[in-house]
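I have a structure I would like to understand better, so I am pasting it below and will then ask my questions one at a time.
By written order: A, B, C and D. Residues from 1 in each chain.
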Amino acid sequence: MKVGVVTFPGSNCDYDCYKAAQEVLGAETVYLWHRDHDLDGVDVVFLPGGFSYGDYLRAGSIASLSPIMREVRAFAEGGGPVVGVCNGFQILCEAGMLPGALIRNQSLKFSSKVAHLLVERSVAPFTTAYREGQILRVPIAHGEGCYVAPDDELDRLEAEGRVLFRYCNSEGRVTDAANPNGSARNIAGIVNRAGNVLGMMPHPERAVDALLGSRDGVGLFESLAAHPMEIS
Amino acid sequence: MTVHSRPGDPAITAELVEEHGLSPHEYELILGILGRQPTYTELGVFSAMWSEHCGYKNSRPLLRTLPTEAPWVLLGPGENAGVIDVGDGLAVAFKMESHNHPSAVEPYQGAATGVGGILRDVFTMGARPIAVLNSLRFGDLDGESSGRVRYLLAGVVKGIGDYGNCVGIPTVGGEIYFDAAYEGNPLVNAMAIGLMKRDELITAVAEGVGNPIMAVGSKTGRDGIHGATFASAELSEESEAKRPMVQVGDPFTEKLLLEASLELIRSGHIVGIQDMGAAGLVSSSTEMAARGGTGVDIEITKVPVREKEMTPYEILLSETQERMLVVAREGREETVRDILGRWELDAETIGHVTDTGMYVVRENGNVVVEIPGEPLVDGCPTYTREGVESDHVRKLREWTPDRLQAREEEQDPSWALFALLDSPTIASKRWIHEQYDSTVRTNTVVGPGSDAAVLRLRGTRRAIAATTDCNGRYVYLNPYRGGQIAVAEAARNLVCTGALPRAVTDNLNFGNPLKSEVYHQLSEAVRGIGEACSVLETPVTGGNVSLYNESPTGAIYPTPTIGMVGVIEDVDNVITSGFRTEGDAVILLGRNTDELGGSEYLKVVHGLVAGDAPHIDLQAERTLQRALLGAIGTGRIRSAHDPAEGGLAIALAECAIADSSRPTGIEIELDDPLALPALLYGEAQTRVVISCAQADVEAVLAHFETEGVAARRIGRVGAANGRFRIQTPEATIDVPIAAVARTYYDAIPRRMEASPIDVATALESEVSVP
Amino acid sequence: MEYQIEIRVVPRRGILDPQGKAVHGALTNLGFPGVGEVHVGRLIRMDLEAGSAEEANERAVAMCRQLLANPVTEDYDVQVLAHAESAR
Amino acid sequence: MEYQIEIRVVPRRGILDPQGKAVHGALTNLGFPGVGEVHVGRLIRMDLEAGSAEEANERAVAMCRQLLANPVTEDYDVQVLAHAESAR
């Protein structure tokens, strides 16, 4: 399996994603440059966290228009798995590849801490290594992570089982107190209709080494490794 | 060459010279150096280079007394940052810098640009920044002017966070104190740490006659003109009026500069690179030339500008952020441009290196500045002054605890405990550091919340630890001891994680050095710092001096912030301050002695700033620290934390509630023959609270006995969510641990949350930094 | 000729507006009476070289569609001012 | 009666506006011709109960001073619209 990590000007978690893919999967991992026009034959694309173009205007808005995104969109339409973490999630929403949008945290403050996530569904290609109902400890670090969408959109997401992660407390209860940014219905991660594009605010790539406090992010990478998608 | 003064230049008068912060004597020297009257532009150049900030007029002789050498020191003071060897072929560059005055005027941008500047100092050495720390001082959060204080705090914290978060460097630690002494003049010191391979080290020199000099990054505007001289004058009504010159930070451009600079340095196409920091183009170009023993010739109209009709004076002195000066190898300009272009950065060739030793600036070919480089950089006169201690402080120091009247409320022995837990200086700083991304780059083994931060060094077994410390109240009451304690506590904090202290960067924040009592504070504090650094083998590799920290309300507490870096051989031995396991034994290292002077207890409970700073025996300190390191090396020690503000009782509380999600109760018994306040809240130095398994107690105690360090079991880690119990000969504190945790963690949020200030801060930052 | 464009981007009705909410709270805390709904949006000012006011307007609208406004959460309106009366 | 207030807050002239710079770059990359200076500021819309338009205006200006604008880095102006013609 070959993993590609896109670097936009201002990306700053590209290195962490790169290292995580390499160390957890032992997979060949390459950086993809925002101006590139091909994906170098990768099997998985990561849109990493950071502040692409300084997140000026709206987080992810400018990056969503960069050349590489055309390729990423085509890759996704062909069934290729795409993971957007934090700024990557914002970019996917801005690009219209995922529904909804991410706005300023309700606290209006940047929030950096360990969040508890409830694994809502165990599905290919992203979460089969987890049990449904499993509670994960994963770092968050964002100022614009409040997920919003029209109610009918939210209903559809839930009806179609496309909410993979929700913020919960340490006992796994989905409460307001456990919601770090005011996201609608505590949504922390969702997939597109086809199920091959994942966006999430928490940082699984920061939770792959016990030395740093949690290995709960490893499952995401292992799931991807277990489900090589045949690109149509 | 003849030097032209420009049409519209003001005439050089005594007043103008004074406005430029130059004394008549200094002006005489300038006339001597030039052999003629300077032009207005030249006067600006001198005033910037000979300001305290660049010239260290009043501090250089004192700084010379500091120890700066050790086998592991690769680069000492004088460069953009100090560099030490951390083993396995790796080196660490680190430096601390202040942005006090800019932050007082515009907290958000002032703090943000402070972080930007210190990051550039580190990556221009060829090191990739891996962590930032910050040391902050504000006025009283409860006083009458707490509104302004909250505004400053909210703005500074958001500025530091937004900048570091955007560039993608984790902010892993720091310190913060609240005291009326800092009300008109907050302190904002930022420390950056970078990592490189030993052989990737590059220094900022302009060498190679004919090599092109390139301006890189943001276009130059009228930002912060005379910031360097501004930073060297007291805050006053006028400085308020100088407001429009605030610099705005652009962390996005900084991130591009960071990546591009490291790529340039590795590429070998450049000979030198330096941040255009304080005094902008002037200081960067002259300092690079001076280091190379060369001259420079700059065509000012080549410098990319953001605004129309900027004069040479303005362009030379502008402090627009996110700009760098690069000296390329002749003929490599195109390659350099390509690398920068990859990162969407422009570069203009603005001049070249010469062999004349002269600092020459032209405007459309006409020479507007021609100054011999050497005297410009090194000719700034330095002053050694007469320091005299103020009688007021001497009297304060004569105060002794026996005059203390217990307060009514102290009938209840736990009352003072809660009062201290609720003091913002002691309470949890979570409200602050949750606004900082502390985990990006995935090296943070220990983030904010313990004694020091720990960062792993990928590809090795090693890690480094870092901390910043200074109790300004101690330094105020006893500058010499206070200086020693700042160093000793920093080292102790590193040791508490299992790190061997290695080197220091310091930030000397003082008042107006022309006042003899301030100069006394400065010289005595530096003497204390120097001695402690020698004994603890932590040489000073760099730092920053910030004087004139005064405001209508008077001088600040003298605050020589110590930033310290240490090395951990085996990252698996890292420990933190929090108690870990039910039933573990709690052991106290060192002795409880009668030290209430300068304590937080006196301040919070009795409203007193009095007495002498705690005694400290540097040899005993060193012995304890080395013994503790040895013990941690055996893997038997499960936690370590040193009592600081609030003394033993607060330290024990911090150990018990370090993990806010599961505080552990404790049962402690103390039999020392001391008055209750001194025993519980006294701030005696050279003490550490450690915990270990019951089975290891004998071995641990034996270890410290052979090392000659007082150690005794004082209790055990009790039931999780149990009670916080301290029994003494005089009284017993017995309260629910949950209540202790609540007070400690809510103290700052309850003062800040839903405050309009908070909202204002969130809005303001909209326009500039996201 | 050069036109000055002023673009107002505001959170769409019904979409959460944390800043508007916070500002409302803060103003009330500060003791300002009579404050009703508050919304915080973005103001974009731009000099634009175009053949006619219509052309300038069309181009600005296209910019909003492609970049300046988020169709999910924001509404926008465009004003074209002849350059003379430009405010800034 | 109730007025609608519109407050425009923009980066002060001459001060660096990184956001405006970024938007300018993005629009140019998207191939929009003729784009000159771009500045990004804040737009605050508010319903305000006040005795007269003057009073509403005074109060809004006070809000800007105390909360809505940064006196060091930003300029602002206030518009009072009778509620009828309110845009939003």
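Keep in mind that, in the parts below, a contact is a pair of C-beta atoms (placed from the backbone, for glycine too) under 8 Å apart; a residue touches a chain by one contact, two chains touch by 3 or more.
For clarity, every value in this text was computed on a predicted model and none was experimentally measured.
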Of B-C and A-C, pair with higher C-beta contact tally: A-C
Centre-of-Cα separation between subunit C and subunit A, whole angstrom: 30
Averaged-CA centre spacing for the pair subunit C and subunit B, given as whole angstrom: 41
For subunit C paired with subunit D, centre-to-centre distance based on mean C-alpha positions, whole Å: 8
Centre-to-centre distance between subunit D and subunit B (centres being mean Cα positions), rounded to whole Å: 37
For subunit A, residues contacting two or more additional chains: 53-54, 56-57, 62, 65, 104, 108
For subunit D, residues that touch 2 or more chains besides their own: 9-10, 18-19, 22-23, 26, 30, 40-42, 66-68
Per-residue overlap in subunit B, given as positions that touch at least 2 other chains: 250, 252-253, 344, 756, 758-760, 762-763, 769-770
Touch-based graph of the chains, sorted into line, ring, star, complete or other: complete
Contact set on subunit A toward subunit B in their complex: 9-10, 12-13, 15-16, 19-20, 49-51, 53-56, 59, 104, 108-113, 139, 141, 143, 170, 203, 205-206, 208-209, 211-212
List of subunit C residues in touch with subunit A within their complex: 14-16, 18-19, 21-22, 42, 66-68, 70, 72-73
For the subunit A and subunit D complex, residues of the former touching the latter: 53-54, 56-57, 62, 65
Residues of subunit B that touch subunit D when the two form their complex: 105-106, 108-109, 218, 221-223, 243-244, 246-250, 252-253, 306-307, 320-321, 344, 756, 759-760, 763-764, 766-770
Subunit C residues touching subunit D - in the complex, by the definition given at the top: 2, 8-10, 13, 23, 26-27, 30, 32-50, 59, 62-63, 66-68, 75, 77, 87-88
